Amino acid sequence: MTKPLLDVEDLRVRFHLRTGTVEAVRGVTFQLGRERLGIVGESGSGKSQTGRAILGLTPPPGEVTAKRLAFDGIDLLTASKRTLRTLRGGRISMVMQDPKYSLNPVMTIGEQIIEAYQAHAKASRGEARDKALAMLEAVKMRDPARVFSLYPHEVSGGMGQRAMIAMMLVTDPDLLIADEPTSALDVTVSMEVLRILDELVTERGMGLIFISHDLKLVSSFCDRVLVMYAGRVVEELEAKNLREAKHPYTQGLMRCLPTLADDVRPLPTLNRDPAWAL
Amino acid sequence: MLDIQNLQVVFGTGRLRVDAVKNVSFHVEPGEAYGLVGESGSGKSTVLRAICGLAPISGGRVLVDGKEVTTPRTKAFYRTVQMVFQDPYASLHPRHTVDRTLSEPLAIHGEKDAEARILQALREVGLGPSFRFRYPHQLSGGQRQRIAIARALILRPKVLLLDEPTSALDASVQAEILNLLDDLRRKMGLTYILVSHDLAVVAHLCERLLVMRHGEAVEETTSAALRSGAASNDYTQSLIQASQGFTRTTKPPLQSLAG
Amino acid sequence: MAGSPALSHPTGWRAWLLSPEPHSRWQARLGRFYLGWRAFSRNPLAVIGLGIVLLLILVALFADVIAPYSPVAGGDLRTQRLLPPSETFWLGTDDQARDIFSRIVYGSRITLFVVVLVALIATPIGLLVGTVAGYLGGWVDTVLMRITDIFLAFPRLVLALAFVAALGPGIENAIIAIAITSWPPYARIARAETLMVRNSDFIAAVKLQGASTPRIILGHVVPLCVSSLIVRVTLDMAGIILTAAGLGFLGLGAQPPMPEWGAMVATGRNYLIDQWWVAAMPGIAIFVVSLGFNLLGDGLRDVLDPKAAK
Amino acid sequence: ATPPDTLVQAWQSDDIISLDPAEVFEMNASEIIGNTYERLITYDIKDVSKISGQVAESWTVSPDGKTYTFKIKPNRKFASGNPITAEDVVYSLQRAVALDKSPAFILGQFGLTKDNMKDKIKQTGPLELTFEVDKPYAPTLVLYCLGNSVASIVDKKLLTQNEKDGDWGYNWLKTKYAGSGPYIMRDWKANEVLVLERNPNYEQKTPLARVIYRHIKETASQRLLLEKGDVDVARSLNPEEIAAVSKNPDITVQSAPKGTVYYLGLNQKNPNLAKPEVRQALKYLVDYQAIADTIMKSKGEVHQNFLPKGFLGAESNNPYKLDVAKAKELLAKAGLKDGFSVTMDTRSTAEITGVAQAMQATFAQAGIKLEILPMDSKQALTKYRARQHDIYIGNWGSDYQDPNSNADTFAANDDNSDNAKAKPLAWRNAWDPGPLTAKTRAAVMERDAEKRAQMYKELQKAVLDDGPFVIFLQQTEVAAVRKNVQNFVLGPSFSDNDVSQAKKN
Amino acid sequence: MNGGGGHVGALRSFLKKVVQFVIVLATTLLGLVAVTFFIGRVVPIDPVIAIVGDRAPAHVYERTRQELGLDRPLIEQFVIYVKKAATGDFGNSVLTTNPVMTDIINVFPATLELATLGTIIGVIVGIPLGVLAAVKRGSLLDQFVRVLGLVGYSVPIFWLGLMGLLLFYAKLGWVAGPGRIDVTYSYLYTPVTGIVLLDTAMQGQWDAFWDAVSHVLLPACLLGYFSLAYISRMTRSFMLNELAQEYVIAARVKGLSEMRVIWRHALRNAAVPLITVIALSYANLLEGSVLTETVFAWPGLGQYITNSLQNADMNAVLGGTLVIGTVFVLLNLVSDLLYRLLDPRTR
């Protein structure tokens, strides 16, 4: 791995609420090259907040601190709003969990892609349109011209998710954060989506952060995996070695899934050790 | 116990007509757990909803305990058949405490001894009495799903219809719920129909299952057959494939996980 | 679950109230209430609103103690009429030589009466029509909503005027008239809310327990509409007082010499420019009280509306 | 600011429903009729007993007192340019009788009907006509009635052109104009504006080219407009506003007593009010002077008899004063020592409500609980005419300048049964005045003015002592006028409010 | 993704919508007529007296009663009324003697003018305020907008109106007084649309136009304020809703400027329910604010109906109410159409 694309050290996200302070992310540290990095963990463990903090999109009461948060040498914490804006969508993109909610319901898919493109590239509408169509084609949309003029509610979940990916990739970013991009999809459809992402990483040399709670999926798709628990990274390991995880949490997560392979009964469950959260 | 014969469900008319379930038949023995799998929109939930009267039966028959169900369903039917919904966040009344939620069926059916039955029901699903006065938003998803199961069980039904009871839950919580369901079935001699898109979950809980696609039954098979990877139907085969994780076409498939 | 922060643990009665494991329905309820109150009390404007409303209630309760003069019997027309605010008459006197302060104090009873009664009449009607229409759907919905539309499309003041004309003027009839004209929006809100929940799983769940339709509507649907309706009703309080005032202005509200604020403003209108206090004082009272209800409603919205609370 | 040749007035005119003189009966409209039409007869508004001809040059009364012969002034023209002839006059009078609208009784009371009018009202020459009455009435009565707005002279030719289905041009004239007065009614937009314009054919050209009446309902708005000079005259100011504008050096306040009295009608169907002591007691329970000095300041003067000042035989003594002790004594005599409860139908106008509340306060001092029922005027009238009230607070304006107008309603009641045809005030309050009815009828026939006046004085005394009316004020009309307006005249009746000589400098 | 069907299906569903709408309109109007009519008949005011006056002799009274058809059975009167109303004939107004329709055509433009201006002010000021309040939730600006709105909700309109007149007209002289135009100008133009601003402008009477502007300014601002109070509140709440949506974050992820995110994305979505709100507030203003119209001597529909009602002029009340009802239903339709236009999901 040469110079890392993304360098995160001791990232913390806090929410100051009436009832006290919630530390959603507590000292996450990792580096990312042009590879597939998976982040797994149960619900509420801080996966999404980590991803959003990188993009500077932590929602209002939240506060982000880090020893280091740099993208391609640019310090994201001190960068001006302007710089951030050009980075966002331009060089770093994020595919969000649910296409049903993350596409603007009153704009056509084409418009939204064009908008993303024009926000970063000086292009005429015609050029932007061609680019958008090409992008839709790239994500294996069957009839790009038709999808272009459809509204989000007129497409299925799988198509929506692909449109979302097209929108986020139209600017040819160096880093893509995919936050549970397949959890709303059918198994069969989600495989197609993953295939597209995979191609992009291998063919464009993009960095990918793949957030998911599906260990099986992450281990089969990613190169490296961060396992999060209560806002911390409890374990970092090669994806293919997930079976050999050392941390009891990771082990537990792996084991408690029923599999077709063997019939364990009762299924082992997680016995949370308070010490994990410390 | 349950006999579904040529079930048909149609929503809407004219241009808006949706044939959600087309001619589906299956039979469930008492004490058996039966699975329904298939992709999203294949009509799995609709079958369950048609059985308990939440969706119209447009054709075919539904027999419970040998008797054809009436529309609207009788109170006795509801004492026999109960359902647990997919989304634990949506299936509890947001303004009712657990206590209220659990006492409602008892009140409807004029059961006495509510206090004791509620505490017992909570115990059965592995929750302590401390949960009794909580509101749904004070519960985790897994806890909510337990409450939903407790509510379904408090009338001592014989049949439990489970609509993806774990798909909204974390893996670890899913394991807890699956264990619980397994336990309860054994203890109470319940009959299950389980809907899920996760083959592993269905295989874990059920003996037999029906694969559905586009509202039609594709094939009926057994868990054992699934485990051995023996599926006569291409579609079933592709489901089995997909459930084993991502496969890179360029690289050889990850055999290690398929076992 | 995981990651929830450790909060400092309260002690004493607060601990009892906030106990995560209440032992009785009462304790649970009180605890809820306390939490709501805590959220509410952090909103200074809402607290001001509550203060105003409480003040209104107190003033209404103790009107006889507070008011220095009779609200109806005037003084000497020749010497005590239309006096500006002074030490003897804090807010001045009106055209009948009555002490405006005393009238406002007593008027609070009428205001409270109007507001409470309208709320008690209009809210249940709107709630019932809306939930029944929304839940049952079909032709019931069509018929009920058509009726609602008719009442909604009816010029409000005209309808009120007509009712008052039909029933005879007077504060009770004005209240009925206002109530009859205020329920349609509530029905609309309740219906919209009902439509959102009627297909939800938790309603399906009670259906599956064999609950009857009235039970579902009253026990399960209504409670969900109530909170947004309460908010809306408190926001409407101002409108109600002002409509009552409007009717008073048109001579159809309270009967003289009742110290109804709207009627007082209406009389004061004749002296607006030179004897400004006659209209301004009750006008300010109306303003303050409706502001109070508004602020309270805003605060309540934040507490009751789960969407806003999140 | 207003144009120099235009007089702009602000008033409340929502009661104008027609501008046909045969139908006009309300005060605002009759002012318009007064300024735009002419009649046979007119009187000096400073001394109403001075009767003179307007369209008539001269007249005679036959010895039997039944036939009046009028000679018309020659060479007079309508605004349309048509000459005024006896034919027009005959047409106008017959038209009023035939249309039989509300004020038609003013002529009808002389025995004129649709069927006999052709014989009774006859043209006897190009400029001469006769008018025949059924009984030898006091001539002043007949002449005053012919000076009333209902007897205005309309342009026959113009109306015939606009007649439809024998309606005497009624549907047209309601909103149009066919007269010969100093001004032409140019434009009327209900509840908005009414415009009068100089009549070029009038014998004496008006100084102003235009008079505009703006309907401004809100009195405070009227006042603001007046003080800013956006209107020249404000007609509906309330007492406090009048007091305030009178301090303004640019504004003068003009006033004139009107033939309208304010009274309480005590329904004799109410057993308490039917007691003579109670009727008397109530008369002692009104603080007449205080009301006149404060609430009704500059809008009325204390007046307790049914004939307004200025009428033949009008009494001006006001014997009653607020005297609670006396009233209590009377109540005790009536067996109502602790008072009683009673309601009062009150039109919801500021002044009536104000007066009602003042009375409520004084009544209470004697233990009488007066409940005020506010209602709009049409509703109050409906109830009043059905004799369903307890007490009605209202006012009565005389229909014409003759004392009979008021005597007929306050002191006469031919039939006190529920389904009587005529509904004079005495009937509305279910009061049978006994011999007073006959006396009223006799007074109409008395041709000797002196004796006639005496008869009315007696009638007034009787009603004052025992009648079910607590008469308390005579109305004064006030107008606040900007200083640069001259010759704006408020007359004794509304149709006498005269702007024909008004000018601005 | 509507399959098959094509034009025929679309056309049929459109026709179905039209038929549905006509039925809705008809039943609503019929209901309106029925309610108004029967209310009108139970009002204890004798319409005959309103016409003939207090002192009319009995026979005049009786004849008028018959002329008005008031001696017939109620149902018969109703049927006759509905039949006539269907042809646009609401009878004649007692007060003005004109056909009610003519009257309404006369007074409605005044109300329309005021209500439209009021709504425009409400929208132009209210929406940005609401948006800013939502974006800066909890800030001083938010509190300011909240209080501003609440004051708008709370203050009696006639009071504010008169105070406005006193200050801006009498004391400061910034605006003209009550009325629609000065008498000096009132005969310089011929009413065509009945909307003074339009008429004067179209006829090139610019002095008159500016005079009319200065007359309309204060009442329009007053109504605008009330509509602003409502619109800004609703905008704020809709915007808060939208700003919490995922697509807003997605828009930020794309690197769009905050301006664009708020005004193009969030507001564009909030505009959908806002349409209904604006239509409702417009309809309320069109109903004619009796009190504003009284204070400003504005000869509009509100005053007309109230005045008619007080004078038992039931023809006028019925007609006016029906017109308002129709306007209401039509506005509903328009807002529905706009809704469909703005929200592709409902197409």
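Structure notes:
Going by the order they are written in, the chains are A, B, C, D and E; count residues from 1 in each one.
The rule is short, and it goes like this: contacts are C-beta pairs under 8 Å (C-beta built on N, C-alpha and C of every residue); 3 or more make two chains touch, one makes a residue touch a chain.
Chain-to-protein mapping (UniProt): B = Glutathione import ATP-binding protein GsiA.
In this text the structure is predicted, and so the values were computed from the model without any measurement.
Touch-path distance (fewest steps) from chain B to chain D is 2.
Chains that touch both chain C and chain D are the following: E. Relative to the whole-protein C-alpha centroid, the nearest chain centroid is that of E. When the interfaces B-C and A-B are ranked by how many C-beta pairs touch across them, A-B comes first.
Once the centre of each chain is set as its mean CA position, chain A and chain C turn out to be 48 Å apart.
In whole angstrom, the spacing between the mean C-alpha positions of chain A and chain D is 89.
With centres set at the average Cα position, the gap from chain A to chain E is 50 Å.
A straight line joining the Cα centres of chain C and chain E is 25 Å long. For chain D, residues that reach two or more other chains under the stated contact definition are 218, 220, 224, 376, 379.
Among all residues of chain C, those that touch two or more other chains are 1, 165, 168, 250, 269, 272-273. Not a single residue position of chain B touches two or more of the other chains. Residues 72-74, 76-78, 81-82, 95-96, 165, 168-170, 250-252, 255-257, 267, 269-275 of chain C are the ones that touch chain D when the two sit in their complex. Across the interface of their complex, chain E is touched by residues 45, 146-147, 149-159, 161-163, 165-166, 168, 235, 238-239, 242, 245-246, 249-250, 262, 265, 269, 272-273, 279-280, 283, 286-287, 290-291, 294-295, 298, 307-308 of chain C. Chain contact summary for the complex, chain E toward chain C: residues 24, 27-28, 31-32, 35-36, 39-40, 42-45, 143, 146-147, 150-151, 153-159, 162, 166, 240-241, 284, 287-288, 290-291, 302, 305-306, 309-310, 317, 320-321, 324-325, 328-329, 332. By the touch criterion stated above, chain D contacts chain E in their complex at residues 2-3, 6, 8, 14-15, 17-18, 25-26, 100-105, 108, 171, 174-175, 189-193, 212, 214-218, 220-221, 224-225, 227-228, 230, 376-379, 381-383, 385, 399, 421-423. Every residue of chain E that touches chain A in the complex is listed here, in rising order: 1, 245-247, 249-257, 265, 268-269, 272, 342-345.
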